[in-house]
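Starting off with a structure, shown below.
The chains carry the letters A, B, C and D, assigned in the order they are written, with residues numbered from 1 in each.
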Amino acid sequence: MIFLKNDYSLGCHPIVLQALVDTNMELHDGYCEDEYCRKAADRIRKLVKCPEADVHFLPGGTLMNLSALAAFLLRPHWSVISADSGHICVHETGAIEATGHKINHVKTKDGKLRPADIEDVLIFHEDEHYVLPKAIYISDSTETGLVYTKEELQALRACCNEHGLYIYLDGARLPMALNSEKNDVSFEDLPQICDAFYLGGTKCGAMFGEALVIVNDALKEDMRFLIKQRGALLAKGRLMGVQFDALLEGGLYLDLGDQAVRMATQLAKGIAGKGYEFYLPQETNMVFPMFPKEQAEFLATKVMFETYPVVTDTHQCIRLVTSWGTTQEEIKAFLELI
Amino acid sequence: MIFLKNDYSLGCHPIVLQALVDTNMELHDGYCEDEYCRKAADRIRKLVKCPEADVHFLPGGTLMNLSALAAFLLRPHWSVISADSGHICVHETGAIEATGHKINHVKTKDGKLRPADIEDVLIFHEDEHYVLPKAIYISDSTETGLVYTKEELQALRACCNEHGLYIYLDGARLPMALNSEKNDVSFEDLPQICDAFYLGGTKCGAMFGEALVIVNDALKEDMRFLIKQRGALLAKGRLMGVQFDALLEGGLYLDLGDQAVRMATQLAKGIAGKGYEFYLPQETNMVFPMFPKEQAEFLATKVMFETYPVVTDTHQCIRLVTSWGTTQEEIKAFLELI
Amino acid sequence: MIFLKNDYSLGCHPIVLQALVDTNMELHDGYCEDEYCRKAADRIRKLVKCPEADVHFLPGGTLMNLSALAAFLLRPHWSVISADSGHICVHETGAIEATGHKINHVKTKDGKLRPADIEDVLIFHEDEHYVLPKAIYISDSTETGLVYTKEELQALRACCNEHGLYIYLDGARLPMALNSEKNDVSFEDLPQICDAFYLGGTKCGAMFGEALVIVNDALKEDMRFLIKQRGALLAKGRLMGVQFDALLEGGLYLDLGDQAVRMATQLAKGIAGKGYEFYLPQETNMVFPMFPKEQAEFLATKVMFETYPVVTDTHQCIRLVTSWGTTQEEIKAFLELI
Amino acid sequence: MIFLKNDYSLGCHPIVLQALVDTNMELHDGYCEDEYCRKAADRIRKLVKCPEADVHFLPGGTLMNLSALAAFLLRPHWSVISADSGHICVHETGAIEATGHKINHVKTKDGKLRPADIEDVLIFHEDEHYVLPKAIYISDSTETGLVYTKEELQALRACCNEHGLYIYLDGARLPMALNSEKNDVSFEDLPQICDAFYLGGTKCGAMFGEALVIVNDALKEDMRFLIKQRGALLAKGRLMGVQFDALLEGGLYLDLGDQAVRMATQLAKGIAGKGYEFYLPQETNMVFPMFPKEQAEFLATKVMFETYPVVTDTHQCIRLVTSWGTTQEEIKAFLELI
């Protein structure tokens, strides 16, 4: 079977694995208070050119989103605005609501949030009979594999400044976004735009672990209490420090994103070359071709992928995902099938 | 000023007030464990022909909805489906989410939930990465002043049976609904359709207080713990017993709904007679005429009402609400203004 | 039966009732945005000599405590320190924990919190593996009917200033406290000592309703959102404005506390005169005599009261509570029984 | 520096590491739905002789406790009884309360809960004004390094049966407990005694990960929803399957506990042999000697350990912890220092 189902099914990149092996028998303080976490945090601060940022390591994406939003949505009546395809809306089993906060869902075509969407929510929330939107949640790349341009992000920042909203960016697939042909954003732009964001590890070469970067001073205080209270302060936190240290050494992190995106680009071009259409454009490591239904069924016998809930009378959309481990052979093999 | 702004600005009906005065210096056990609460609960059980129902009195509508749903949504991952105009969605400051539960909003034109809406939500919620919808929230009459027919409610019941969902009905304006010309539902139908519902007091002749009726045995256990934990177990609970006892004596409760609906009907007919259009039909005690903008502005200087967020280039929708205290003189006076 | 069971079994004082009757058919804006609430809030600001205070009216004590603490405990890891006999610890079904916050219980003999108790808690809470105590909860009078002296309250204030803790005072029985012979605190001292406190209505002459006074600016923002989210923003909020306006006119509020305390003092003196001992001294409207077990059983056939969980081989402690409605005849009748 | 500070500062046992290395480039389904998780779960079911048990893998101890209790404390008013030194009481930043539930703390001398403690809590919780205790939380070994005998556990079971309480056992250090000289409990006893329990990995040879075993059918339903909602469903769940599979192959898991306990026993004997006293007996991998203060200060310059908050005028208690990685050389070196 060709594997194009997701980007978190392999273990970690061999270089990351070696770092874990090399440091395994070292003794370190627990709970991310070790030298590897400090070193990795320093690397991240340099990478994003924000020496004052706070950096925290958490073991997974949902845990990151729920801990961060529980911390940033300071008051029980504060809510967060998200595209309705946002991970926090649909793939986290109500984790944000379970921390007591409403998500203001916005219907979008492509999974990207825009100033007009925010305005639409705000105008409707007029007094104390409504929740008070206080943050926006965006992902780059989005759940639909698309990226924000710098201009789009700056427009969001301007809108959020005007209305006193925080911007929290889910970067589970940040290195894929930054390697998109559509992308003009760099690491160092992020602290200019976001109050907080995270660099994904799980889908980007690590075994597990994500790195939260808090830019806004107002969001920094006591974050470790919140992380601990949500169960996200790993006893052997150094495991994440070791991994991010290895990923950020010599640009491996970005390279792995590049590999994933290049494979998806070849895939999309190959599919397009054979005359198929797409539900959404390919910008990062996801491809959404529309296949005749019989062909989709045939492919399912040879390839691991997920169907996407877009269907016509004759066609079915499927979601193909590449990762840092996807090879040119797999892409070729897939293209030969169609 | 003519008052057509809402149905909760008067105190209580004189008969209810007299009952409070007459019993004021009596000494009773607290927390709804008194003879008036027992008597009123018995009256309600008889009224809805459900001798096994549990009845609880709570001091307000939001407190009712959040206590009931906190109790009925037994597990943290259970959610409730509601029309996006439902009171719990938009007028309770995220109270349901603050109890930890997601609301699955459904976009509707008229504020009424239908089986197809429920199916749309369910099909999307396929596994443990999503919340598990376990109840539906409906209001009769709705926030838009419309009513459900018996057939519509039975269709919801069938759909909910099929999928294992509870039905919770918000009856803040139940006597208005039951007096609608469109209505063919009676009190005794409700236990056949709902797992739990409440009879509104605040908008229907009481000073304050709502009566929860729990039909489904699975939802009855320990409800008093939940009510107390949410702060909704009033020390002098007997005040609500006294009021509902008075309201339910001799049919006053339904009569007050009738008065409100008759006034709205006269109002709507009068407005229609002058050639104006409506955004929504008048079925209970709410009227939604579209007035030319200048006229809406003029009316605002003579009448207390709320504008409704529906606007065209030339017209503004306004919401007119009648109550048990609205008089024919007020209706006439309004009609003379247009 | 003589009634000495609690102080919330009567309705309201006749003067308060008359005010409700007189204003019943008036039309007012909902949700405490009416002239009576404004007038009552002004009276309270004058009474406590704190013109900048925010005043909010909520329908009950548990609702007050859980709304206030949900608002003041801004961050999920903040906790509140309370004597283990505090109302929030034992009589509110875990309402504070249900808002997500831990209570740091302190064992006390008499229900009063002291600086040493606070220090004991703080020293134990050293880092992010513990909650962060951020407020103390005290009641005056306490659940055990005792009062704080001004010196004691000032010592708490000094301790809380040193450690950055808020003081929230539950004044469900404040007029009883202020009429104690032991008391040297006045209304105007409270804003000097507390960040927020409430004036009880339910046990002090009102039908229902409590008045929250927020002194500290840091705790004022968006309080109405929190009150609404907890279901505590009563639609006909004016009912509470009318009642507090009546209670605070001409000193009725304090007089009713005085009546309750005087009856308890007569009761305690009479019991002491017959040679009985007490588990706790009588300072306000509660008396805790130790009676021989047979006598306690006999009394239970003639008097409504609650036993108190203090027993020796031969004696049982009982709790006798007087109210503004307790008469000299009842006290006499009780004393004749022993 | 000699390291006797805790049992979670090393990475993982070399055999576990090798298993992670060997499987690193395999592609597996996410979220613990892979063959390694299935295999490890089967091993655990066999180990505890409970073929019907459900097994789930979570990445850490606090996450385990908060997810399990959020799931098992089905209703908002249900509480859990714990010794006041229990991990959930003091080392989890109010994580349980943040899920909405009260912990009923019990003061104990040695960190062990007994039936009389449970009865004391229950008798005090009489009606709906109190939370309803529904589970007990125990650890074996305890935070104080002590173990429960089978008789003690059976007495707890009988008490919990009588009162309808669940037993949840925190086994973060279970292999240490089972290797104690005082221990007469085996893996297969646990399902007879507990409704649910967990086998610790983090402190027992794994890099990270704990294995929840749910015995009671009533607690099994939808557990994956709860785990996901709390952020504890790791994308690469197979990492935990691989580790537990390796740990449980050939008895390594128990052997690692044995190594830790043997080292602590040697340590305790050596210290006792030099005439020092202990605050608590050594039963597993923790030793609590009382040293003269100057000696404790001297040791702190040569050994990494934590002081324990028990002090006399002359002596200071310190906590020494051994692990599967502690060597005889380290023990000898320590003993030579004193």
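Assume a residue touches a chain if its C-beta (ideal position, glycine included) is under 8 Å from a C-beta of that chain, and two chains touch if they have at least 3 such contacts.
Since the model is a prediction, treat every value here as computed from it, not as a measurement.
Contact tally for B-D versus A-D: the pair with more C-beta pairs in contact is A-D. Counting the residue numbers used at the interface between chain A and chain B, over half appear in both copies, so the two copies meet with largely the same residues.
Note on chain C versus chain D: their Cα superposition corresponds to a rotation of 180 degrees, in steps of 5. One inter-chain figure worth recording: chain C and chain D are separated by 42 Å, centre to centre, where each centre is the mean of the chain's CA atoms. Averaged C-alpha coordinates give centres for chain A and chain B that are 42 Å from one another. With centres set at the average Cα position, the gap from chain B to chain D is 50 Å.
Between the Cα centres of chain A and chain D there is a gap of 34 Å.
For chain D, the set of residues that touch two or more other chains comprises 76-77, 92-94, 98-100, 128-129, 131, 225, 228-229, 233.
The touching residues of chain C, counted against chain D in their complex, run 76-77, 79, 90-94, 97-102, 105, 124, 128-131, 309.
Chain D meets chain A in the complex at residues 3, 6, 8-12, 14, 17, 20-21, 23-30, 59-67, 92-95, 98, 202-203, 207-208, 225, 228-236, 239, 325.
Considering their complex, residues 70-71, 74-77, 99-100, 128-129, 131-132, 222, 224-229, 233 of chain C touch chain A.
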